[in-house]
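In the two complexes below, chain A is the common chain; its partner is chain B in one and chain C in the other.
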Partner chain A sequence: MNIFLLIMAAALALPALAADPASLLAGYQAEARKADAAFAASARRGEHFFTATHGGEWSCASCHGNPPDGAGRHAKTGKTIAPLAPGADPQRFTDAARSEKWFGRNCKDVLGRVCTSAEKADVLAFLLKRRS
Partner chain B sequence: MTLGTDMNKERILVWDLPTRLFHWLLAATFAGAWLTAESERWRDVHVALGYTFAGLIAFRLAWGFIGSRHARFSSFVTGPGPVKRYLASLLLFRPEHHVGHNPAGGWAVLALLGLGLATAASGYAVHAEFAGHWLEELHEGVAEAMLALVFVHIGAVVVSSLIHRENLARAMWTGFKRGSSADAIRRKRWVAAGALLALVAGIWTAALQGALR
Partner chain C sequence: MRPVLLAALLALAALPAAADKPRLPPNPVYKAECGSCHVAYPPRLLPASSWQLLMQRLDRHFGTDASLDAGAREEIGRYLAANAGRREPPPGVEPRITETRWFAKEHREVPAALWKGTAVKSAANCGACHRRADDGDYSERTLRLPK
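Let's turn to the complex of A and B:
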């Protein structure tokens, strides 16, 4: 195997980083099935998760609004946040690394911990059901 | 710039008050911004710290032209020749002594100010939403580069303090070093220090009133 082929393979794999919401959901669901083979993402569970405060001060909806296909408002700074639902903002959930980064930051703010793959799959299922 | 072999050394004022205030406020602001970076709960504090950080650097750039002797860029920014000579003198265990910043330290000061400006500017651009993901990455990248340089700076301060047998961190706190009276500055520059504090107080007043969004 020569190094040139390796580099070419890596370059070809790069576009895979650009994602779409449905494939991200499928990825999280597949991850969740490793722990629970019967897991299926649920928009209803996702909505409940999205609007619950989980024993803390904030819910996801505190900043992203509910329903999340309208603009949100930052709970601390009051700045407008673009709609989270991909149906309202097609830019949303099209970059896997970015989605992971912001799930990471925001889950810690709302839950005080990282979200599980099952929770992320549920939330994505809920967001994808919301069409503006 | 005198050599370290000078025997008649006394306690002399080297760093004026604005330079010292700037240094420790910048360090505290950078640490605070780092600690408030990860949570939206602290977003407004992080932004206020960012404005403070930018204000401090703007002050320091001006002070580099109108400040007292050892604070001026003209006294410590050199070409690559003196930097190479200084680093070589360290490797040969015959360190050149400089009352103010040594030539390598001078370059580090410029790099820290430059990275600090880039961090503040990119942070402003992220907050103002001039662009998306790549700006966030840029902001994080320059902040991380600045943190790395801060660690290099701290390491160099420790090493230089040991080699020259003088506590450089304490000198940046008190303003005093041991040296020849010819190298001393005469005044602490209280007025400019007051102006710097007023600038910081103004930024925080504006932030608390919600004017810096």
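Let's turn to the complex of A and C:
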């Protein structure tokens, strides 16, 4: 019974192991290069994007904080949010579907539109550079 | 032999429920999807009609986009409906737990300044005082007002 449970747990853990922040970044970058062959993800551009309000009320940093390697706080509800930078929370950006879901929701909240692959690659480059 | 095995399986299945005593542990999908931005509020704090209203407009959820994929939407909707409360619904198409009469009564001793302070920030931030709210525990034992 115990061995069976272990096998089940290992099988359930597999999809989560399938992604890591660097491969997600590479995927977004490859996607962005379809539109602009010279595109290279930039941590500097990512930081600017992360902290800008884009004409709306919020920036990414409004909830995730800046630098994003400490705990954030939801701008509206006040709830504590775990650090976003993978260097501070190794769970971050290890599940492609989950990352896509949150980019989807949060980009709509901050920019009023979906983010481009280039923007996602830049933000990831910024977050990966922040290792303390 | 069969009845013994069945009894053992039933006992195993009952274990997590016994460990959690009377509290309803938040549904994992509900906690993951809704509990990231705010506490996974106990379903009994709103009636089924209010949860239904909220689930119908998740893309405009109190000013943010909280949309769900179809699978999660269905599971969360079912969980909320099955465990909803029976009190009078709060007003509006965006019903708030904080606008129920029950909430006002329960929190009548909380000083107004505390609500506005940086530690609490919003009445939606249950966890500021109810330290185990994330696990559905709102008991007095785990209650601590911030300074």
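What we mean here is this: the second predicted complex is superposed on the first by the 115 of 132 C-alpha atoms of A that agree within 3 Å, B and C clash if a C-alpha of one lies under 4 Å from a C-alpha of the other, contacts with A are read in each partner's own complex, and residues count from 1 in each chain.
Here, a contact is a pair of C-beta atoms (placed from the backbone, for glycine too) under 8 Å apart; a residue touches a chain by one contact, two chains touch by 3 or more.
Just so it is clear, the model here is predicted, and its values are computed rather than measured.
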item	value
First (chain B), second (chain C), both or neither touched by A:E31	neither
First, second, both or neither for A:D89, with chain B first and chain C second	neither
Which superposed partner A:E100 touches (first chain B, second chain C, both, neither)	neither
Shared contact residues on chain A - chain B and chain C	74, 76-79, 105-106, 108-109
Chain C-facing residues of chain A, complex	73-74, 76-81, 101, 104-106, 108-109
Parts of chain A lying in touch with chain B, wherever the complex brings them together	63, 74-79, 91, 95, 98, 105-106, 108-109
Residue numbers on chain B that touch chain A, as the complex places them	38-44, 47, 132-133, 213
Residue ranges of chain C touching chain A (in the complex, touch as defined)	36-39, 62-67, 69, 120-122, 124-125, 127-128
